[in-house]
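My questions all concern the structure below.
Which chain is which? They are A, B, C, D and E, in the order written, and residues in each are numbered from 1.
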């Protein structure tokens, strides 16, 4: 077996006194597409944000390609890595947010180029060409010079995905990327994600769209109160859930 | 036949050069519940706002209990009534808005009391008792002293309804009162409206919830491009729409 | 060296003691100028703000011109203008009255702008909801718009108040015996400029710091729970 | 002048004289430790009040900055201004000057322990010397008349030019000899006069133009203070503020017509 | 009441006033650029998490904003030399106005920083930008757009504060006006012309700021 792409070992995270992740273990291979489902507040977003070091975490380890994210362990003591090193590690993963978070003062192309120029130190022309290529891939070639304020929610989200993918991450993280969208715009975004999955991009996606998870994921993780409640093949899990919590959750969701 | 509660005759309204209402005629009896449906921009909100004189209108008449709203006609010339008189007439109708529009610096009870004290010149104690009664009716007895910022969207909307109803209006106007609410909060507000309908309150309600219109309305008006496209019994209309526009509209709506 | 320092301090303490009544009177005048001009300026400013938002075109244009001219003029110039220009038309204001008038005019233009901003920032839905339950415009303003605008303008209004205290120093130019002029009078007797200027600065700081604290307190008191 | 009446009649009817002066320049007009206005200008006010009402106390002082001296007369805020006002032709076109009551000259003052001991040393130092003066259009020329190469820094208050000297920003101050004299009396031993005076100028009170009655009255009052019945009052004041005894006016043929 | 306006004396010295205005503008430009840098650093300290930076920044803002600027001017000019720092008139006024405006601009910028959504900073982190890169590429450009309206009025009142440089004989507009007053005593006329110059300059400044605002407005 090859080295796993992502390894999470005993991940613990608390906000003040409240423990939100209570020891999460998970291993992911290159090319896998994992959907994370679970009720509100179960810790899905938090888990993604820890992988990207947008949140500090208090216990456990996260490894990407065997490389420990965020913290060094020296003689049993944890020390946060330097800002520069953390920035480099963040670029290993790409992240798409529920709220798009496009930079409103930059055109679509500039949004995509920013990381290429500042982090990858690419020349502006090269970066521009790459950005246009990616915008084309998400169906927005004609909108490269539009500003976020001039784009619909679905278009904005596709630019955000292009911005993340253009950095050539080892792993893409999607956090409910369609839930701020009007229903008629959801489809175009899911289409883009499906195409990426088909090309073998490794992805971790938090979603409330059960049908989408069912179709696109190679594995599903059900988060429940800060731990992984159940995981497995979607074809299996959605049809024959093993735990009572998952039965309940699937009942309340729109899948059935 | 008794005198109608509301009579609209040839109502015309334009914004600048754009005609938004192009001659609306409608008669409503005491105790009726009329649902207004129609696609976006068809003039539903505008019609409600004219009835409440939140908008000036350029042609036609609106009568409540035979009393002309907003304008006097003297020898063929229209003259806007005085502010005092218009304020009095506005109090004949109650209005609930999409965006609640609670006064953020007043508690729930104070929101309800304001009109009672200032318009109805009620004593504070009497007004407070009445307000608490109405808050109780919408299920918020325990929240009388909460401020809008401390209430959920559904709770705020129920306070807003209580505030309008407490004025004892002849007619209630509801403008998409649930469309700014999270799905799980919609039910509690519709519940309140249903109860009011059951008690015989006359109501005009603009809604996108077709199932709700179907269940609660005694009559449905389908607005189309500034005129009434079709009207009738919901049991009839939804099942056997007469015009092509309505067929199309119902197809795109979630009802079917 | 050390002795020299204590000696200087003793001399300053002595002069301060001699000057205590004059300073106290100056402080009193500064406080009364500030209070009067803030009060009058705020009342006028509220009217101005109302006119800027709800007035008809002509009134809005006039008030806009007034506001922009007043805000573009250094206060010193307003003070001098108020003192002299009225006497050329035969209205003889004393320096105190003329000074307070100038500061009040200055204050009104600021309060007017602040209030205009706050009123325009209120959602239109607030006015509509008030109209819908049958309130007249006056009632809507008094019960719905004003209380909300007031909370919003409070921090900026406190800043303006502190500005007025600082601007009151300019009345010394037309001979109002406020704190700065009193200080200068003392300095012209004992020539201890640094010491007395800084003492005056300290007093001004205390007044303004007090105003700032008071503002924070009122802000907390009137905060709406959320 | 019959219709409006002379200021003289108005003042007499009012029962007090309203005089404009400052409050921050010793020894001309400044506050005593017990906060009463005093100084040579102030005494001129008392002298005129005595002439008007036989009561030197019947004068009300209006505090005004130097800028305000002429406007306060032309706009009628004061009956008269006595505030070390230098007589010039330009000013005389706007207000009417009374007869003079003092002749001023400019002097130079330095720190006693400073690098320069007298006028000759200052002049020899050339452009190494910075001189602090009161703000004035003529200030630069005035200093250069005595010290042609010196640098000139202007300030808008008397205390500031002393401050400049003390803090080492200037090596000398150039200002009225009366002010230097007063300052040196107040701070014995710390400063020296360079021993050079120049730039004569005349101080007079000013009233509104076109009111001859009033001007005549004030002139008479001042004249009699300097040469006649009120001489003792004037001389006492002179001694207090300038430290010099005045010789009494010569008796006999009036000195004015010699 | 009998006072006739006569502007002849003012027009004779008009170029003096214009020279003063020019110096006022130069003083304001230099001081406000430095002040903006101070304000920016303070603003980041004020919104940042670390109390070690926040406390001193708060102290700075509170003390400076509550002192009359005249006192600060006198302090830099007269007291600093006694402590061994000797600046000439113009430099010490520019320094004072920079320090003073730093406190005001810090507050303006702080509000602007708070209005930049956190999600945008996180999006920057997520593509691997360092915190400093996020500040320069994302936070500051957005903050500047947010603060432009209030920045405009702050800059105008700071510009008017250059009139206080007259106290230490910096020959800016007010100083020149007072100089002409001493010469001609045409006080009313001089102040009328001077205030017209100030009002016009402020109007031009405001118009410039509005142009910048339009220029930087985001396409919708």
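By our rule, a residue touches a chain if its C-beta (ideal position, glycine included) is under 8 Å from a C-beta of that chain, and two chains touch if they have at least 3 such contacts.
Source: prediction; values computed, not measured.
Q: Fewest touch steps from chain C to chain D?
A: Minimal hop count between chain C and chain D: 1.
Q: Can you work out the rotation angle that lays chain A over chain B using Cα coordinates, in steps of 5 degrees?
A: It is a rotation of 175 degrees, to the nearest 5.
Q: Please compute the C-alpha centroid of chain A, do the same for chain C, then give the distance between them in whole Å.
A: Chain centroid spacing, chain A to chain C, equals 54 Å.
Q: Using CA atom averages as chain centres, what separation in Å is found between chain A and chain B?
A: 44
Q: In angstrom, rounded to a whole number, how far apart do the mean CA points of chain D and chain E lie?
A: Roughly 39 Å separates the two chain centres.
Q: Report, in whole Å, the distance between the mean C-alpha point of chain B and the mean C-alpha point of chain D.
A: That gives a centre separation of 82 Å.
Q: Touching at least two other chains at once: which residues of chain D meet that condition?
A: Residues 67-68, 71, 75-76, 157, 160, 163 of chain D touch two or more partner chains.
Q: Send over the residues of chain E in touch with two or more other chains.
A: Each of 1, 3, 78, 187-188 in chain E touches at least two other chains.
Q: Where in chain C do residues touch two or more other chains at once?
A: Correct list: 84, 87-88, 193-194.
Q: Which of the chains touch, listed as pairs?
A: Touch list across chains, by label: A-E, B-C, C-D, C-E, D-E.
Q: Where on chain D does chain C make contact in their complex?
A: 23-26, 30-33, 35, 62-65, 67-68, 71, 75-77, 157-160, 162-163, 183, 186-187
Q: Can you check the complex and tell me which residues of chain E touch chain A?
A: Answer in residue numbers: 117, 119-120, 122-131, 133, 137-138, 141-142, 145, 216, 218-220.
Q: Quick one: in the complex, what on chain A touches chain E?
A: 52-54, 83-84, 87-88, 90-91, 93-95, 97, 99, 101-105, 114-115, 118-119, 146-147, 149-150, 160, 163-164, 167
Q: In their complex, what parts of chain E are in touch with chain C?
A: 1, 3, 62-63, 65-72, 74-75, 78-79, 153, 156, 160, 163, 174, 187-188, 191-192, 194-195, 198-203, 206
Q: With touch defined as at the start, can you tell me which chain E residues reach chain D in the complex?
A: So the residues of chain E in touch with chain D come to 1-3, 78, 81-82, 89, 166-169, 175, 178-185, 187-188.
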